[in-house]
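Structure in C-alpha cells, see below.
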Amino acid sequence: MTKLNWGMIGGGAGSQIGPTHRISAGLDGHFLLCAGAFDIDPDRGKAFAGSLGVSADRAYGDWREMLAAESARDDRLDLVTIATPNATHYEISRAFLEAGFNVLCEKPLTMTANEAREIVEITKESGKVCAVNYGYSGYPLVRQMRAMIANGDLGKIRLIKAEFAHGFHADAEEADNPRVRWRYDPAQAGTSAVFADAGIHAFHMACFVSGQTPTELSADFASLVGDRQLEDDAMINFHFNGGAVCRLWTSAVAVGRMHGLTLQVFGEKGGLSWQQQHPEQLHWTPLNGRTQILERGDSDLSEQAVRASRIPIGHAEGMPVAFANIYMDLADVLNAQRTGAKPDPMALDFPQAEDGYWSMRAIEAAASSAKANGAWTKL
Amino acid sequence: MTKLNWGMIGGGAGSQIGPTHRISAGLDGHFLLCAGAFDIDPDRGKAFAGSLGVSADRAYGDWREMLAAESARDDRLDLVTIATPNATHYEISRAFLEAGFNVLCEKPLTMTANEAREIVEITKESGKVCAVNYGYSGYPLVRQMRAMIANGDLGKIRLIKAEFAHGFHADAEEADNPRVRWRYDPAQAGTSAVFADAGIHAFHMACFVSGQTPTELSADFASLVGDRQLEDDAMINFHFNGGAVCRLWTSAVAVGRMHGLTLQVFGEKGGLSWQQQHPEQLHWTPLNGRTQILERGDSDLSEQAVRASRIPIGHAEGMPVAFANIYMDLADVLNAQRTGAKPDPMALDFPQAEDGYWSMRAIEAAASSAKANGAWTKL
Amino acid sequence: MTKLNWGMIGGGAGSQIGPTHRISAGLDGHFLLCAGAFDIDPDRGKAFAGSLGVSADRAYGDWREMLAAESARDDRLDLVTIATPNATHYEISRAFLEAGFNVLCEKPLTMTANEAREIVEITKESGKVCAVNYGYSGYPLVRQMRAMIANGDLGKIRLIKAEFAHGFHADAEEADNPRVRWRYDPAQAGTSAVFADAGIHAFHMACFVSGQTPTELSADFASLVGDRQLEDDAMINFHFNGGAVCRLWTSAVAVGRMHGLTLQVFGEKGGLSWQQQHPEQLHWTPLNGRTQILERGDSDLSEQAVRASRIPIGHAEGMPVAFANIYMDLADVLNAQRTGAKPDPMALDFPQAEDGYWSMRAIEAAASSAKANGAWTKL
Amino acid sequence: MTKLNWGMIGGGAGSQIGPTHRISAGLDGHFLLCAGAFDIDPDRGKAFAGSLGVSADRAYGDWREMLAAESARDDRLDLVTIATPNATHYEISRAFLEAGFNVLCEKPLTMTANEAREIVEITKESGKVCAVNYGYSGYPLVRQMRAMIANGDLGKIRLIKAEFAHGFHADAEEADNPRVRWRYDPAQAGTSAVFADAGIHAFHMACFVSGQTPTELSADFASLVGDRQLEDDAMINFHFNGGAVCRLWTSAVAVGRMHGLTLQVFGEKGGLSWQQQHPEQLHWTPLNGRTQILERGDSDLSEQAVRASRIPIGHAEGMPVAFANIYMDLADVLNAQRTGAKPDPMALDFPQAEDGYWSMRAIEAAASSAKANGAWTKL
C-alpha cells in the first residue's frame, strides 16, 4: 500500500516518548515522517527535523505554523502524532481535529474529563480518527485476553486485578529534582500523580480486556516520600458496568519493581494472568482444570492475537512492536478512509478518544474519592 | 535433650491440618506424641490414637476427659496442640492454660477479639506459653525479612503489599457443597470468610516482618459466587503504627492461583519481595541498586534465618519445615521452662496469643468497615 | 502401625546428611531411633546418641560392636541407615545384610561396580531390603513423570536432558581447603569427582523416570580449577536400552547455580520439564498442544504422585518430604515383611541396590571413556 | 543523518525472515528501502516490491539484473541484504562484494568453510562490509555479557553452556511435510541440520561473548524422528582458544521448548546467565557473592549495552530491536564510510564474514566428528 504521510508535534531531542513513536511507526513501514514541529524552541525543532530527514519546508517552528501550512497542502498529512507536554494535548488535538486531520495523541488526551468529552464530540463531528496512546493494549496476548473474554471463555467476569508499579520515584534525596518534582505538584500535574501517569495504563487495560467501564470507585491515595502533595502510591477499587470488581494498585515507590504492569482476570469459568515483564506468555486456567501457557506466536490463538503478531514463536516481540500495532491499526483505518473501504473490524481495537475520556473520569473520581477518605464515587 | 511430651486435641482421621502438625512436630524429634483426643467421636478418636502409637491409657474420648486425666499425671504434657473446629478454640485453650498447660492453638485463636484479649490475659497470669499457628512465619526467609527490617536495612517502612489468593472456592456448582458452604455462612464462620481464613495469614506476616501493628483500616469485601453472605474476595488498606501503609488482597475466586501468599515491603532504603510459591528466594533491591537474590541456606543471611534453616542451600525446605520452626521455637522455650534457663531470644519469634488477638481485631474491624462501605475504622 | 526400630551408623555431630535422615525418617513417625554408632570417635558417638534420646545400652562405639550386639537382641532393628564415609559403605552394608538386617545406604553404595554387584547378590540371597539413598526420586512430581512415561503418555522416549550443577567448588583459593580437596583426590574419591558426587543423582533420575538403563556412553571430563586430578565438570551422552538418548551435564564450577537439578524428557507424544529449584510444578507439553502446569497436590495426578504427597496444594513440600517418601516406602515394605503381607506395589519405587550398581557402572564407564577422549564405552 | 539506500534480495511474499529484516531496518529510520529482487518469480517479486513502495525502475526480476542496474546508478545502494535460499548466499554475496557493495547476508554465509574463507578475503580486498545476520548478538544484555567478560569481571573463562532447542520438528507425522523434510535431506541442507540451522546461533553467541574461537570439538548427532539422515538433536563439546570449555546443546525435538536460546558463562570470578525467553534480565553472580539481576535499560550497564538500548527500563525491547542493533551498527559504519570518518568502535561488534567463516568451520568439524563417533576434531 502507499505510504501514509505522517507528522509529529513534540518528541524532539531528549524526549523519551518521541523515539518510541518513531520506532513503532517506522517498524512496519506504513508511515513516512514528512512533517514536524518537534521542539518548543523553533530552531532546535527545525534542526531536529532535518536530522530525521524531514524536508526543510515541512520543518515547523511550532504547531500553529504547522497547522496552517499543512492545512493548505494537497499532500496532507494522514496522521499527526502529538507528544507535547500534557497540558497542551487538548488544545492541539482539538485544533488539528477541527481542521480535519487524524490525530494520535499521547496520553493523557486532556487535563479534565470535560475537555475529553469535547474531543470525543469533535471527533465524531469531524469523521476523523482520534487515537490515544495506551500502547500496552497493542500486545498480542492482551488482545488475546480481550478476545477470549469477548468469546465467553471466562464466563461472567467477577474480578480484575491490575497493577502498574515502579520504584523510580522512591529516593527522597531525588524528590526535589525538577525532573521528578513537577509530577507531584498539583499546579503542573493536576489532581493525581502516579495514578494519572502510570496506573491509568492498568485502568485502560482492565477496561480494554473486559469490555466494561466503571460505574463507581473508591480510592486510597498515599504520599509516602517527603512532602509530596500528590499521591505516589494508590489503591483503587472499581465496580464495572458488567458486574466485575476491579482492584488496581499503582506505585512509584515500589523499589525493585520495573514498571510491573500485570493483569489478572477471574471469571466464572476460569482465570487469566499476564505480566508485561514476560509479555510472550499468557496463563490460562480453566475452572477445575490445569493452567495452560499460551505462547505469543502460536497458531491456535485468536485471530486478533495472530493479526497483531509478526515474529516467529519463541522470540520476544517487545513493547515497540506492541506500540507498532496501534500504528498498524491506524494504517488500516486511514487507508480505508482514503479508499472509502470498510476497515478490518479487528483494526478498530486501538485506544480512542472515548478511552481518553474514561481515563480522565477515572482520575477525577479517584482524586475526589481519595480526598473523601475513600468514599464510593460515581463516574 | 529429653523429648517433650506432646498431646493433640482434634486433627484425627480425615483432618488436613492434623498430619501437618505431626509432620512438623515430628521432624526434629523434639516432641513425643503421648496423648490425644483426636475426634468428636470418642471411639474413632481412641482408635486413631492407637494407630499413631499413643498408649491406650492416654487415648481420650474428649478434651475434658483429657484435661482431667493429664492434669493428674506426674509426666504432664509439655505442650497441647489444639486443632479442633474454630468455634471450640477459645474454650479449650482457656481451660488448658488455666490448668497450667502450654498450648499451641490452630488459628483462629478465638471467634472474637474480646475472647482473644482474655486468652492473652490468662496466658500472662499462667506464666505458660500460648502459641497460635501462623506457621508461614516460620520460613527462614520470612524471618530474614523481619531481621533486615529490624536492623534498619530498609529504613522507615513506607508500604507493605500482601496477598493470599486462591481459586478453590470459585466453582458456583460447588458452592453448595457442605465442605465449602459453611465457610460463607455467618452462623458458622462469623463475620468474615476469606479474610478470616486465608488473608489473615498475610496480615500476620505483614505485622511480623514489619514489627508494626495496625491503627486503622478500610476494607472492601465482595461476594462474587452465588448468594454467599460472606466475602470470597477482599481488599483492605491499613495504616500501621510505625507509619507504614499496608495493602492486603485475599481471594478464594482467583482461579489459577495456588494459595499465592506473597509479601512485598518497600522502605526508604530499599524493597523486599517474597512469595510462598518459591520460598527459597528473597529478592532485595537496595535503593538505586541492583536486585539481589538471597538464597535460603546461604551463610551470609541473618542469624535468625540461619537458625531456622536445616538443609543445604539449593534444596527446597518447604512448608512443613517452616511449621517445624514453630515447634523448634516451642521446644527451646519449653526446655528453658523445664530447666529454669532463659530461652534463646531468637526462639521467641513464634506467633503468640497477642498475634491471635490482633488478628481477631483486624477481622472485626474489616468486617465492620466493609459493612460501612469502606469507612476507615480504628483498631 | 507399630513403630519400626531404626538405627544409624555415622551421621553424627557435624554431619550434613545425618540430620536430613533424621528429619526425613522422623517426619511421618514410622521409625523410632533406638540404636546407633554415630561417630568414628566412640565417646563422641555415644554422647551424640544420648543427645538424640538413644538409650545408653544401644549407643555403640563402632559399627562392629553394634552389629554384634544388635544381632543378639530380640527387638532387632528393622532398618539400619548407613551414613559413613563412602569408602566404608560396602563393608558395612555387606556385613549387616549378611546378618539379616534391612539396610538403607547413603550413596554411593560401594566404590566399584563389582562390589555393588556383590551387594545385589547378597541382598537377593538374604531376602532383605537394601535401599540406596537417591532421595530426589521421592519428589511426588518426579514419580508423576515416571508414572506418565510408564503409562505411555509420552510415547517412545527419544531424549532425556538431565543436569545437576552447582558452583560451590569454583573458588580457586578454596581448592586446597581439605573439606573440598579430598573430593578431587583419586586416592580418596576414586575415578570421578563431580559426576560420582552430584551428577549421579541426575543419572539415577533419568533411569528412574524413563524405566531404562544405559547400554553405552561417551564422557567428557574437565578439570577447570587449579591442578585438580579429577573432573569438576562433565558432559556425558548415553544410549539407553529403550532407545532414548540421554545428555547429562554436571558441574561444581557453575557459579550462581544452586544445585540446579533439572530433568527434561522428550518423547514421541510430548515433553516433560521439571527442576528441583521449583519442585512443585511439572510442565507437560503434549505434541502440538499447549504447555500445562501440573501442580503437586492436585487430585488429577497419578496415584503414585498422590500417594507421595502430604500437604495441600500450593504449599511447597520440599526436599525433606521427598526424602521422607523413601522412608515411607521402606516403612510399608518392612511392615509387610513383619506381617508376611505383600507390600503396596507403589512402595517398591524406592532406589535399591540395583540402582547403586548401575550408578557404579556408569561412573566407571564414564571415567574410562573420558580417559579415552570420549570413546563410546559399553556398560 | 541522511537515509541510507537499501536493497533486498529475497525475503518476498511468504518469507518469514524478510519481514523481520524490514521491521528491524525500518525501526530506526536509517535505511530507505529503494530496490529489490524479492522473489524467484520475477513478476511476483516486482509486484511485491511495489507493495513495499519500491519504485518500478528499481524492482528487479532477479539479482543479476539488480546487480547490473544498481552498479550503473549514481545513487548506489549503501547496503544489500541477502535473504535468499541458503545455497545461493555465496554466489550472490560474492558478486555484490566484488562489485563494491556492502552486504548483509542471512546466515549461513556459504555452504562450506572454503567458500566462507573466500568471502572473507574478497571482503578485505573490497574495503566494503560483509555482515552476517547472527542477530541475537544485538540484544543489549548479550553485549553486556561481552563487555563484562572483556573487562575481566569474570576473570579467565572456564566454561560456557549454550543451548538452542525447540520442538517444532518433533511430529513424526509432519516429518514428510516438504517444509520440514528438506532440512534433513543432505542433498539440500548439507552435512548438518539442527546444528547448522539453530545451534549455530548459540555457537556464535558463545564466541561473541567470550571473544574466543574454537580449536577443536567433539560432536554427538542424533536423528530421533523417522528415518532422517541428518541430525535433529546434537551435543557438542568445544575447546576454545582462550582455554574455555564450551558445551552446546541444540534440538528440534524438544517438545515444549520455544526456541530456548540460553547462555551461561562461568569464570574464575563469577558466572553469568541469560535466556532469550526473558531477554531483559541478566543474572550475574560474583564468586562467593549473591546473584544480582541486571535489567536492560539500567544506567549502570556497560556503554555497549546502553548504546544498544532504546526503550525505558521495564519495557521489553524484544528481538526485532536486537536485530535493529545490527542495522544500527551498519548505519554507523556506512555513514562513516560515506564521510571518511572513523566509525564508533562500539559499532564494529556486529557479526561479520569472519563469524560466518567460523560457523561453517564449526559445522563441518561437527559433522565430521559426529561421523567419527565423537572423535575430537581440530578446527
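When the chains are written out, they are named A, B, C and D in that same order, and each has its own residue count from 1.
Here is the rule we go by: contacts are C-beta pairs under 8 Å (C-beta built on N, C-alpha and C of every residue); 3 or more make two chains touch, one makes a residue touch a chain.
This structure is a prediction, so every number in the text was calculated from the model and none was measured.
Visitor: Which other chains touch chain A while also touching chain B?
Guide: Shared contacts of chain A and chain B: C, D.
Visitor: Count the C-beta contact pairs for A-C and for A-D, then tell me which is higher.
Guide: A-D
Visitor: At what distance in angstrom does the C-alpha mean of chain D lie from that of chain A?
Guide: Each chain reduced to its C-alpha mean, chain A and chain D end up 34 Å apart.
Visitor: Between chain A and chain C, tell me the centre distance in angstrom, where each centre is the average of that chain's C-alpha atoms.
Guide: Computed value for the inter-centroid distance: 55 Å.
Visitor: Residues of chain D touching 2+ other chains?
Guide: Correct list: 257, 283, 291, 295.
Visitor: Hey, which residues of chain B end up touching chain D in the complex?
Guide: 283, 290-295, 298, 300
Visitor: Would you pull the chain D residues touching chain A in the complex into a rising list?
Guide: By the definition above, chain D touches chain A via 1-3, 16, 19-20, 22-23, 26-29, 33, 51-53, 166, 257-260, 276-280, 295, 310-321.
Visitor: List the residues on chain D that touch chain C in their complex, please.
Guide: 158-159, 161, 167, 170-172, 218, 220, 222, 224-225, 233, 235, 237, 245, 247, 249, 251, 253-257, 264, 266-268, 270-273, 283-288, 291, 373-376
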